[in-house]
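Read through the structure below, which is laid out as structure tokens, and then see the notes.
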Amino acid sequence: MTEIWDGLTKAVQLLISLDPAVMEVAGRSLTISATACLLASLICIPLGSLIHFHHFRGKRVLINIIQTLFSVPTVLVGLFLLVLLSRSGPLGELRLLFTPTAMVIGQMILITPLLLGLTISALSGVSKEIADTATSLGASGSQAIRLVLKEARYAVLAAVMLGFARAISEVGCALMVGGNIRGATRVITTVISLEAGKGNLELAIALGMILLLLALIINIVLNRLQQR
Amino acid sequence: MTEIWDGLTKAVQLLISLDPAVMEVAGRSLTISATACLLASLICIPLGSLIHFHHFRGKRVLINIIQTLFSVPTVLVGLFLLVLLSRSGPLGELRLLFTPTAMVIGQMILITPLLLGLTISALSGVSKEIADTATSLGASGSQAIRLVLKEARYAVLAAVMLGFARAISEVGCALMVGGNIRGATRVITTVISLEAGKGNLELAIALGMILLLLALIINIVLNRLQQR
Amino acid sequence: QTEPEVLRVATTTSLYDTGLWDYLEDIFEDRYDADLQIQAKGTGIALELGMNGDVDVVTVHDPLKEAAFVAGGYALNATVDGNSTARVTWAYNYFIIVGPASDPAGVGSLTGSLAPEEAFQKIQQEGALDPDTVRFVSRGDESGTHGKEKAIWASAGYNYTEDIVGNGTADGWYIEAGTGMGATLVMADELMAYTLTDKGTFLAYQGDLDLVPLVETGDIMLNVYTAMICTNGVNPGMAQNLVTFLRAPEIQALIAGYGVPEYGEPLFYPWDPEICGLP
Amino acid sequence: MSLIEVVDLSHSYGEREILKGLNLGIDKGEAFALIGPTGAGKTTLLRIMDLLEVPGAGEIYFDGKHVPRSGKQRLEIRRRMSFIHQKPQVFNLSVYDNVACGLRWRGEKRNRIANKVDHILEMVGLEGYRNRDARTLSGGEAQRVALARALVLEPEVLLLDEPTANLDPISTAKIEQLISNVARQQNTTMIMATHDMSQGQQLSDRIGVLLDGRLVQTGNATDIFRSPTNEAVAHFVGMENILEGVVVENNEGIALVNIDGYIIQAVSGYPVGKEVYACIRPEDITLLIPDGGQQTTVKSSARNSFQSEVTRVTTLGPLSRVEIDCGFRLIALVTRISAEELNLQAGKEVYATFKATGVHIIEKGSGQ
Amino acid sequence: MSLIEVVDLSHSYGEREILKGLNLGIDKGEAFALIGPTGAGKTTLLRIMDLLEVPGAGEIYFDGKHVPRSGKQRLEIRRRMSFIHQKPQVFNLSVYDNVACGLRWRGEKRNRIANKVDHILEMVGLEGYRNRDARTLSGGEAQRVALARALVLEPEVLLLDEPTANLDPISTAKIEQLISNVARQQNTTMIMATHDMSQGQQLSDRIGVLLDGRLVQTGNATDIFRSPTNEAVAHFVGMENILEGVVVENNEGIALVNIDGYIIQAVSGYPVGKEVYACIRPEDITLLIPDGGQQTTVKSSARNSFQSEVTRVTTLGPLSRVEIDCGFRLIALVTRISAEELNLQAGKEVYATFKATGVHIIEKGSGQ
């Protein structure tokens, strides 16, 4: 138990002293995950809406696949990207491996099924009559979708928060395609697992707390945005 | 790229040959995660509903905390439990460390915020008038809640699927409190990271595919259940 | 029929990843009617588990950390070959320096007992000059291998923290990865960089990598695996059995032959008092 | 003792005061209609009576017992009522399950539920709809499901909020019949909010007029429609003729009221000099064609008779609405057939006659 | 050329055929009312006309052009219409934003939007509600928001589905006035589904009766209400007296119909022997008190006169519904005041008289 209290104390210390290594890593975590979440949201919320509002053969199957991909292990995404971005791989030319960009891409891939699936489920909570009313009032397809998204804003926001959460808390992919390189691709979760492996449990716990603090800040910001 | 195709081929081989080691690990993954998801759902769906339907001071703050905990890294939960269940820890007497039970507990803790948060967001999609109508027809608090859950069944199901997905795909906590002990606490994700660490990329990818197959089966089962 | 006794072991990842433990586990379980539960961990956490008594035996390869563990009173004395000791050495091999076949720092030609130190000096010098061509990837994870790397830097005359981590990172030739051996090898391969690796992991990865072994000699490259019985463990009796087992001649023979069919050379050498020290 | 009694009830949403100090008692077996313009607070009052909402202030007594502001007892009391909401919400279930819900929640046995549900579905004319997804029903069908769902519970108190707003006249008549049969058979107490004045009149024993959160008048249909207590009520209940005037004479209860120089006779006790409104229902005005001065004396009971000119005629189903000018403006309702027979059209000369008892006098400035 | 024309329109939901081969053309500027019992398919037809739904079969022409089954053009056409749905759905936004939506979607300028929205809110009587959360409005308020939201677009075609179902009579009158003013000023084409027969009659130039998915009759109010083409329409439009009989004589268009041994005279060309229904609107029956046999001759234009006995009197607002027995059963509607004057009550002897032109004859078995 002492480790947990020590971890808390340590977290406070690190925060108060603005430990530069910690700040750097936290900043990188935030930047990478927020970028991944933002980009993925920009793609997935419209795409999920399109899927929800269109009827096509295989829609059920598609949704089932999306929901299945909720389970994709982060390491698998990491492996996949590693193979793809490796020097000998098809996208090796881009020299993206072990860069923050690769991590952003990895996290985007990782949270895409989540954002798609939850967008669809959020929209399914809005009665069809709302979309019909909008259409009757002359909304184009995308305008009607935007309105319905607004109606479902609470659930969509929860989806985005979850996407961000999944991105910032994952470690398998970040480790695999980022490599936890000090000063370059080290993020909070990779440090946590490094420190846990080293047996520095308090430090690992302290970093976990700092990560939660970051998440809290993002949530508060998103909530504020939604209320406007 | 060859690794990916090799991985797929390997997955098919392993499945066809019913490789006993793979089957054992897959079965354990399924059992542990399904148990964790089931237990957590039994707790979180009612609890989430209670939170949604009751007005109390600090409700917003509570929901914000729940959403923040979406971001809890799996390793942090693992560390926390490790400290708690360690022989020298407060619950050491239970001798749960490095057992499947510990893994179930870990995954339950891990997916609790998710299930709570998504239950609340699913319910928020059902109009207040539905609950009012049920109450008017003589539903008790819990009966009205059950009806509203039924109305939101699609989104609640998505939440449960996501909970299961998060449980079966996580590795940090499983590794930390299970230890990836062959024949005892080895699950698919821990093997994947083991094999990836050993450089057996195809095998890791193959196992990832098998995990997705499991997830697909569970999703189909859940969808069937929901449609009844 | 009684339940087999459980014996828990935490071992360093590189040792486990070779498959040696899986191989030995079945034999041990049969022989002692035990349930051997082995987990691969980072050196640090493995020792931490040992301290807490969550495992009965730890096997690692980091002399400094082992000494601290023993000094802390966390290791019980074990009896091997009639001697009593806290650190039971039971196998060894050598670290190797690997790098791209082009060998831009020219370390492949080095031989002799100081070859590793000289190689590191060359890498440092060339890297500082041309960090785009000459790079070194470090485990950076406080593992046994990382410990060895630090020892080599020190022996080569550097202040690790300042000259290597500090300046090397700033210059860009020293890449501190903070990850497992396998991932470090992959990274070195991708970045066409040098790295220090244990032989077992390198052999396992060799097929997928363009890296070649460049420096295989040098006294400092010795890598000795140790087993320690944990004071706070629950099953010291069975732990003693494991230690006895590891040093048993027929098992030592198995260790010596392990990996030969697959890689054409052994991954580990059996315990040798001359090299590993007594007992 | 009333079955339901609300005392000094007030309720606000945010800053807005919606109900303002209501007092109302409803007897067992009584049918009470709540009428009032949109936004008056009818729905809010019904919600509070159904114990869905806790009022901002005031108390409720049910069956003589005080209703607590929270706790289990509210559920028990609520289970003795059922409330058909204004916007009928069907659950995303089959029609059968929608109707069975309430019984299931009360723990009724399976086959009793099946019997009751089938019976009520037949009564509301939805027997073929048992397994339909309730979400795909038309407006009127959904409204009938909502009705069935409430009636199947055989409640002691039935609260109805615009129960037939989405129904055609024939379905409306059927449903009204059904409601009043059920109510009579089971001695159900009924409280309904309605916009349909004739529905209020037909289905209820007593009517309450809710204006802007205040219960300004309660009474039977005659009281409400013929003797509104103030101008606002008069206006709301369709007194289209509301004339400002002053009492100039009063002979033993027959007041002469001066309207812009014309004198109207009315039954009223107000003294001379009182400023009043004289209210006349349009259907109480009879129109006659001047027939050599003779016709006007035929109807001796009509004290008031004015020579006038028709300015406009509009047909409203079986009725014609005739606007006339007899110095002041009056509106009369006659059957379409008599309008045709009298050949009423703009410019036509007619006599407008109405009885002194057909004029209702309201004191000016009352009810503010 | 009609502005909107539907040709051979059919539509099914699953197995159920909802609309069955409809043909209908609506002219520019016309006001068309769709009446029909609940579940007839009114809403479905309006949805198809608004291009919300693609019909199972049949074609739609808008302004002379064929409407494709998919594609961008549908949006363009839809933007020339607006549709007020039966269950008004307000968006989870402020009242202002609700009303502004459609204009924003059309890319109108900010301050033009503000002007228009403020203006229309005033017109529907919601000027104080600008910033209210639309979800908390009362039923009638929400309905007015829905109306404002549609009217503010100044559409060429206004589709209305029960636009005043949730409104009290005074608001209803106001809204009807508003709708017809707007329609007149902007020459709007109007198609409305309504349960309120008098609304249909008042607001529309032409009425269509939809029964069970078929458009059984279209025509002006007089056609529909006085000359229904078959028994079902007659029943639906409130012909409460539908008497089975046989034509026994026909003198130059005046048919004598034998009803259970009683003879009714009616204007009809049907030949002797034809089995028919004689339909009489209750308000077309006049009741007279027998006054020594003299009165019956007073109204010479009424060919039919039957001595009868009152069996029941019910008051419906300004009217009294009188059931009488004159050998066969008849229902008459008279004003409440004349019922009072004639002292109508059960057992009273009266003469029921109606003109030959007041009897509408329908061939038996028609319209099946």
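In order of appearance the chains are A, B, C, D and E, and numbering begins at 1 in each one.
The rule is short, and it goes like this: contacts are C-beta pairs under 8 Å (C-beta built on N, C-alpha and C of every residue); 3 or more make two chains touch, one makes a residue touch a chain.
This one's a predicted model, so the numbers in the text were calculated from it and none came from an experiment.
Taking the definition of touch as given, a chain qualifies here only if it contacts chain A and chain C alike; those chains are B. Common neighbours of chain D and chain E under the contact definition above are absent.
Counted as hops between touching chains, the shortest connection from chain A to chain E is 1. Averaged C-alpha coordinates give centres for chain A and chain B that are 17 Å from one another.
Note: centroid distance chain C to chain E, computed from Cα atoms, is 91 Å. Averaged C-alpha coordinates put the centre of chain B at 57 Å from the centre of chain D.
Within chain A, residues 82, 127, 176, 196, 201 each touch two or more of the remaining chains.
Of all residues in chain C, those touching 2 or more other chains are 41, 183, 186, listed in ascending order. Multi-chain contact residues of chain E, defined as those touching 2 or more other chains: 87.
Every pair of chains in contact is given here: A-B, A-C, A-E, B-C, B-D, D-E.
Residues 13, 35-39, 43, 86-87, 136, 138-141, 143-144, 161-162, 165-172, 195, 197-198, 201-202, 221, 225, 235-236, 238, 281-284, 286, 299, 301, 314-319, 333-337, 341, 358 of chain E are the ones that touch chain D when the two sit in their complex.
Of all residues in chain E, only 47, 50, 52, 75, 78-79, 81-83, 85, 87, 89, 91-93, 101-102, 105-106, 146, 149-150, 153, 159 touch chain A in the complex they form. Those residues of chain C whose C-beta lies close enough to touch chain B in the complex are 8, 10, 13, 17, 19, 22, 25, 35, 37-41, 49, 52-54, 180-183, 185-186, 201, 204-205, 207-208, 232, 234.
Residue ranges of chain B in contact with chain A, taken from their complex: 1, 3-4, 64-65, 67-76, 78-80, 82-84, 89-90, 114, 117-118, 120-122, 124-127, 152, 154-155, 158, 161-162, 164-166, 168-172, 176, 188-189, 192-193, 196, 201, 204-205, 208, 211-212, 214-216, 219-220, 223.
Listed in rising order, the residues of chain B touching chain C in the complex are 86-89, 97-98, 179-184, 194, 196-199, 201.
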